[in-house]
Structures are given as C-alpha cells and as structure tokens.
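Presented below are the structures under discussion, each in the form of structure tokens.
Two complexes come next, and they have one chain in common, subunit A, joined by subunit B in the first and subunit C in the second.
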Partner chain A sequence: MKLTNRSKHLEKKPMTLLERAYLPAVLTGMGITLKHFFSKKATIRYPEELRPIAPTFRGLHVLKRDEAGRERCTACGLCAVACPAEAITMVAGERKKGEEGLYREEKYAVSYEVNMLRCIFCGLCEEACPKAAVYLQADKMAPPRFERDEFIYGKDRLVEPVDPNARSKRGIQLTAEQAEALARRMAGMDA
Partner chain B sequence: MEIPALAWQGLVILAVFGITLLIATYSTYAERVVAAFLQDRVGPDRAGPYGLLQPLADAVKLFTKEEFFPAGSSRGLFIFGPCLAMTTALMASAVIPFGNTILLGDGTAIRLQAIEVNIGMLYVFGVVSLGVYGLMIGGWASNNKFSLLGAVRAAAQAVSYELAMGMALIALLMVTGTLSLREIALQQYNGLWNIVYQPLGFIIFIVCAFAETNRTPFDLPECETELVGGYHTEYSSMKMGLYLFAEYINVFVASAVMSTLYFGGFSFPGEHLLYNTLTSSQGELFAHNAVTILGTVVLFAKIFFFIFFFMWVRWTLPRFRYDQLMRLGWTMLFPIAILNILLTGAFILLFGNKEAKLDTTKQPAPTEIRAVARK
Partner chain C sequence: MAKITFDGIEIEVPDGTTILNAARQIGGNIVPPAMCYYTPIKGTGGKCRACLVKVAAGSAKDPRPMPKLVPSCITTVQDGMVVENTVNQQVMDVRKGIVEMLLINHPLDCPVCDQAGECDLQNFAFEHGVATTRYEEERRTFEKIDIGPYIQLHMTRCILCYRCVYTADQLTERRVHGVLGRGDAAEIGTYIDNIIDQDFSGNVIDVCPVGALTDKTFRFKQRVWFTKPVNAHRNCENPKCSGNVVLWYKGKDVLRVTARKDEYGEVKEWICNTCRFEKKETSDWTIEGPSHIQRTSVISANHYELPVMNPQVIADLPESSVRDLENNPPLKLGR
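This part shows the complex of A and B:
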C-alpha cells in the first residue's frame, strides 16, 4: 500500500563506459573545488572580527537605574512570572529610611538572579516589566565560563553601574574600534 | 680529492634528509590550509604569523600525549610498526635526483642526489612497498579487529595496485631504456618530457600512487566510517604521529618520483638557451651552476604542485567502496597497463625509441652537462 503518491521509482542503470572511467567526473569535481579555493572565505576571525548583530538583538540582561541613579526594579515578580524558562528568581525587601537614594520604590529586590543557562533570551521579561527596569542589551552576550554557577548572574553583575563608563565590566568587553564598528553596522541597518 | 668529495656527498645526504622532513612537516600545515581553502575556510592561522608555527604546536602536542599500549598487544611489534613505516618512507628519498651537479672551482662535481644507483626506480619501488609492512605490523600488534582489518586492507590494496604501477613503469622503461632516475631526468633535458610519450602510463601511475600512499580516494586502510581509525586505531602520541608523518613523506616521495619520471625532473624549458647565454657572458662554471640551481628550484615547484594535487584530490573525492577499489585495480588499471605496454612496444617498433630519436635531433645538445653528470 502506498501512503502517498509522491514516491518515485528510481531505476538503477548500469554505469556507462564514461562513468566507469571515473576520470571525467573526477575532473569536474576538482574544477568545482578549485573554484572554491579562490572564492571568498566564510570565516569570521572572531576576537578580531565580530559578526553583525541586529539592533534588536537580545543579549545579556541589565537592571536599569533611573535618572537619579536609583534602581528601578520594585521586585514585583512579573518578569519571573512571564519568563517561560523560569530563569529569574528574586527576594523582595522593604526600603529602609535613608535608602531613598538607592531604590526608587518602597519595595525593592534584595537579590535578583538570572540563570543564563536557563534563559532563552526571549525578552518577555523586558516586556512584562511595569517599571522599565529590566532590558536585554543588544551589544552584550553572556560569555562562556568554566563553572555552571558562574552563569547565575546576581545583582552585582546585572545592575547598571552608576558610572556608565564602567558598564563594560560585565559581558564581553568591546574595544573602541569594535564598539564603533558595531555602531556603524547598526546605523546601516536602520537606514 | 677523495675526502672532500665524500664530505660534500655527506652534506648532500644530510640536506636531502632535512628537506624531506621539513617538507613532510609543512605538508601537515599545507594540508589543513588547502582543505580549509577548498571548503571556504581559512585554516589554522593562530600559531605564529599565518599559523606557520602550527606544525611545531602539533609536534609538542603529539610528544606530550600519553603513550598508550592496548592490553594484549605485542609491545615490541607495536613500537616497531610505526618505526618501520617511517624508516622506509625516509629511505625512498635517497635516490631521487634533486638537481644536476654543482661544479666546484677545482673540477669536483657534486651530485645533488644522496646516492646514485643504476636501479633507482626499482629501489624506490621496493622501499615504498616495504612501507606496507609498517602498517601490517602495527595493525596486527594492536590486538584490535579494526586495526587488523585496516592492515589487511592496506596489504591487499598495496599488492593490487603495485601490479598496475609496475606495468606502467615497464612501459616507461621501454621508452627510456634505463632504471636510473638520474638518467631518466637527464634524458628529458634534451627533448620532450616523458608525459608526452606515456600519457596513459602517467594516469595509471598517478592513480596507483594515490593507492600506494593510502590517500583519499583510496584511504580504505584508515577509513574512519567503517574502521574507526584503521590500522592506527590503537595508536596515540608520537607513534601515531610517525604514521601520519610517514604518509606525508610518502606523498612527497611520490610527487618527486612523478615529477622525475614524467615531468622532466630538474629540467625546464629554455635551459639550453639560458646555458648558452650565460656561458658566453659569465663563463661555463657559472652557467652550469646557475642552470643546476634553477633546475632544482623548478623541480621543487613541480613537487609542490603534485603535493597540492594530492591534497586537492583528497578534499574533492569521496572514498571508494572496497569492492570498487579492487575492481578498479584488477579489471581496469591492470588491463589498461598491459595495453599500454603493447601500445608502447608498437610505437617503438614503428618510430624507434626515444634514445635513438634524441641522437638525431638537431638541438644544441648540452653534452657538457651530460658528460659532467656521468663522470
């Protein structure tokens, strides 16, 4: 019984003399490979060259601060609920007196951890956040590490530093040229 | 005059040895780069400029790896296998003429060849076939069925293809009338390269050379898809390295032999013209040495082309199936080789052989060069 009508009956013909001599086919094949010898190489020499990243690329998370330098996150847990990979855990705490300069809301995240091995970088946390606190950065990725627990990023590595120049301490550090190249590519993509 | 000449000869032997090793070393690098380029990649480029120190890095890696002896292997033979493969591979380059002679001021002529024997071609043939014992012993001593199968394949393949190769050579012998590689190279100084007389023979020879060196498409003895690693499945560390190295030396020797037998060896078009102009302007000694050195360079260019060709084929063609390999060897190459002998014989009967033809040519024969070479 045939399941579909798409099956094709192939007839295996005996090879012709020319085919049995192998050489014509061999020469054709060698012509093809020789063409590839001179063609443009697909390799990206990684640390020196970066592959183009889309401006909407979703990379490493960052917990934003507001204009006054206070942490925006209020530990509402919406991002953790939204997360399909269950990568986010947090512990909420109450803001004490005198900490108004540190946290924007009365409730804040004492700890906030993202497991980068679970995360699928879908960006749903970013969309769920009512406080515009969590974002996935377009120019940073979670770099490879030797230990699994090093992939659990705590607040020390997630919260945006007060000094924006110190930002590149986390994730892959771009050199000035690479950052410039990235900016150029992204500008090109916008156009 | 006896001692310095001997010393010079020793120097040449050392140089040939060193060059063979160097070329084999860099063949490993070249293989990767060629493979990469044929596959639109760039290959190793991290160790040193353009990755040129890669072979060194490989050597360090191989030397520092664990020496592994499989249980139940016969230890002595297990070590002897790779040694034999390497030794026989190295021995073959001894008779290859890498150039004509260099003349010293006092009239000493130094042959750019380690040893000149009048049965050079037979020597190469014999030594190269000995190489298969290296694989056999290694495969047998490993006490592993995959190794053993690889070794058996290697032996069967070598025997089958040696036959056709020998037949191709016989046809060439009928044309050249000599077994000395040096003589064959010098004969081509004065006329057409042997490929013109023996195109069919060359094709048979090169196909068999691929089979003899165990290179793709005939690398059945080490076929990963069927036999894990073939005869070197159980080998690690530098013993494995020796096997791989021996393969590259064999490729180098095969390239050198092919260049010498069929592509004029160290001769190049226009050498008489160069010789004559240089003689009139700079003197005979200088002219002779200049032509010799240029010839050596040309020979190496030819060798490098063939090495590239080996790699090019390797990264183009898939492996033969074992029955296809045997059928190709016995039912195609062997009869064609015999046919080639018959054809060659017929042509020689009709037109006379090459040696006879050469003497009647009106070209300005470089008798000096030949006379010196025969001294």
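This part shows the complex of A and C:
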C-alpha cells in the first residue's frame, strides 16, 4: 500500500566487475577503520582522567568556616527560600554557653541538608547567603551512587574541615589584589 | 468635617483626625510609614519620626506652609490643609535620614532575628533607606536580661518606640517594665528578673515593630516565611480575649500563635497568654482557612493562594473557590 506519492522507484543495475570482486570495497572499509586508530579520541578514561573544568564551574556545596574556624552559617534560611529547586532544608538551634568557638552567631544550623538530586547547581544559594557561608566548589562534583539517600548531603559532608590547609581554595579567600579591586569597585558604587 | 489635599488627592475627614489616618483612608502607596504609632493603643506616636510629611498649606484661613516637617501621626487635620508626602523630595530625603538614625545602633542581625520577614524596620529600611552605612563607631550593646518566661528581650534591636510600654499599661493588670535610663543609656528594663508573666502581656510581641520582643516558644524554630499562616478561632474562657488568631504551621505542627494584623500591621483584637502560648494543638482551634498575605511580603514565597485569574473565564469553579474569589479578589491583569 502506498501512503504517499513521494516514494521513488529505483532500478537495480547489475554490479560491475570491480564491485563483484568485493576485495577493493573491503580494503576501503578497513582503511577507514584503521584511520580512526590514529586520530584523536573523542572519549576519555573517565575515573582516572578528568576533563578540564572551567574556573566558574559550580559543583558540590561547601559550608565555610571563618578565620577562627567557626561555622559561618547561621541558619537564616535565605538559601532555602532562594533555591528554585527547593533542595535545601535546615533546622536552627541556639548556641549554648561554651560553644562560641564552634559557631559564629548565637543561632546556628543543627542540621543542614542539600538534596543533590534536586539541586540544579544554579548558585542562587551562594548569592543569597548574607554570611558568606555557602559556596559551590569549582573542583568537586557529587559522585554517582546507587542509593537515593546517599545524595542527601548533611553537615557531615558539607562543612569544610577544621584544618585550613585541607579546605577548598575557592570562595571568600581573595588575593590581596582582588580584595583591593573589589574594595575600589564597592567605593565606586557608593558614589 | 475638614477637607484636605494629600499628595494631590482630596479627602474629607472628621475634625480631629490625624493626617496619617486621613492618608490611610485614601490607602495605597501614599500612606506614610509608621514605626511607633499604633491606632488601638492610646498615647503612641510622635517618637520615631518615620511618618514626617510636609504641610504645604496649614489651613484655608492661614495658608502659610508649616516651617518644619510634621509627624503625620500626631498632627490633626485642618480644613484646607495641603499635605505632601511622596511628591515632596525633601520628605523623601529626610526619610532616608530617619532610616539611618534608626539603624545607627541596630545590630542588623536579621539572619538571626526571628522577626525577619515581618519586621517593620526591615520594610522601612528596604523601601526608604540606602544600602550602605556611614556609621563606623561601636554599636550600643546591653547586658542580656531575662524579662519573663514567654518573652525574649533583645535590647540591641530596640528603637525605643514605647509601643510595648503603653500596651502593657493599657492591656495588662499592671505594668512591670518600662524605659529605664536616659538618652543613649535608655533601655527597656524590668529591674526584677523574670517578672513579665501577666495575662495579655504576650501582646507586646505583636506590637513590637522590630525583633526586640520575640516569642520564646517560637525562638529559632523556623523562619517565618517557611511557616504557613492559617486563620483560626476558639471560644476563650477569658472575656477580654477575642480568640481570633493566626496559627503559623510547619507541616502539622503549630509553631506559633499570633493575633491577627491588618494591612498596617496593627492588631485590633487582642488575645490572652493562654491562647498565645499554651494552645498549640490543631484540636484546640477551629480552622477558618489560610490567611491572606500581601504579595510584597517574603512570607508569600511558596505560599500558594488562588492564582491570578479572571473567574468569568473559568467555568465550573467549585463554590468554595468562587466564594474565596469574591471575598478576596485576586489581581486582575490588564487593568
């Protein structure tokens, strides 16, 4: 049955001698295959090799500490309300006497969870944070896992280590020139 | 009756009305902000200077302008008065200065403060202030005192509006707190620790325009914009208590009970301490429905109300939706 009149009827011509010999066509095909052995590969050996990441890449979240090693996050909820994917939840608590070295403000996040399956890594939480506490790291991604609950990152995996040398380099640590440039720009904005 | 012109809009109000209340009868964006004036409480007003306006003509008999800006909340109208608020650049500039003054000693700890999101000072500063501060000196700090089992005092946030003092005077059987000290050392105090537990004392929390007096039972529980406000009532045994409240839900839990506020943040029906602090089960209340939140408020984030729509276009709406739409008409597009 013909559905349209657009189909063309092709006549099948008899093959020439060269075509009937088969060998030249086989060799041409092998030539193409061999050429690809020596051309640049489109793939990489992933877990061992990594593709270069842009400096502005937004990866896994980190909860920063301040110079004294105290947690900056005060559980104000602005990241959670800014989040378009509603990936962030938190429970706030009051800092007790003697915990001044642990938390910067009198209120702190008892739990802070980011669902990495919901997160779209837009960076709005980073922008909303008034305490410069949450950042998306340029050098880390959420690794693949088998279970869904393993993608819900709690404070144990988000807060950066106490040791300053073990911390991620991106974030609030500006070089002297950068800080100066930023200060100049802010001064210009006031005027 | 006196006829006045407010920002070019003519309105006739009874004699003895204040300029602010005349403006509120007009409504809309031209209403001056008020931080210390509170209609239901006698004696409030005239302290914060947020509502300063320009009187361009004093009255029909004496049309000279008033020499200085006047606080609209305590200045009464006179026939033929011409008042300028949003149209006058001087008023706008002065209001910026007022924000700066009020924020001089304010700690700006909004990320910690429970009032954030429903704070008059926050709204006032956001609408009229500048984004930076010129103040470099140490901010005023106080020793923390425990004023009572239900109410948390943060003296650093206080703007000394006196609302809570008058409220305690006029609602509770005896007032035990007041403003102690003078000038820079003025502070809300009780002299005796842990003493504010009189009935109706909880209303000072609703009355406070900033986060100086907050609910201890709600302290750091949730940010207000993550809770869902629901109107409810109960038959309170106390004859002075109205029993009409707003329950602030997070999931199934009632985190906080407050009195109902009107569009100017004023409570008209007071509630007793039992309703406010002790009835935190859904079974204690008769639910009326979600309370209306202004779309400009952060509390309306993720707060799904009836959508913006034209009810005539949508046929076969359920009767309850039609009733809601009539009571509370949504924004009409293209008007």
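Here is the rule we go by: the second predicted complex is superposed on the first by the 125 of 191 C-alpha atoms of A that agree within 3 Å, B and C clash if a C-alpha of one lies under 4 Å from a C-alpha of the other, contacts with A are read in each partner's own complex, and residues count from 1 in each chain.
We take it that a residue touches a chain if its C-beta (ideal position, glycine included) is under 8 Å from a C-beta of that chain, and two chains touch if they have at least 3 such contacts.
Bear in mind that the values here come from a model prediction, so they are computed numbers and not experimental data.
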Is A:T43 touching the first partner subunit B, the second partner subunit C, both, or neither of them?
first
Which partner does A:E106 contact after superposing on A: first (subunit B), second (subunit C), both, neither?
second
Applying the touch criterion given at the start, work out whether A:C122 contacts subunit B, subunit C, both or neither, answering first, second, both or neither.
neither
First, second, both or neither for A:C76, with subunit B first and subunit C second:
second
Shared subunit A footprint, subunit B vs subunit C, residue numbers none
Subunit C residues within the subunit A interface of the complex:
109-112, 116, 132, 219-223, 225-226, 298, 301-302
Hey, which residues of subunit A end up touching subunit C in the complex?
74-78, 80-81, 86, 92-94, 105-107, 130-131, 190
Of all residues in subunit A, those that touch subunit B in their complex:
20-23, 26, 29-30, 32-34, 36-37, 39-43, 45
Show me the residue ranges of subunit B that touch subunit A in the complex, using the header's touch definition.
34, 37-42, 45, 203, 312-313, 315-317, 328, 332
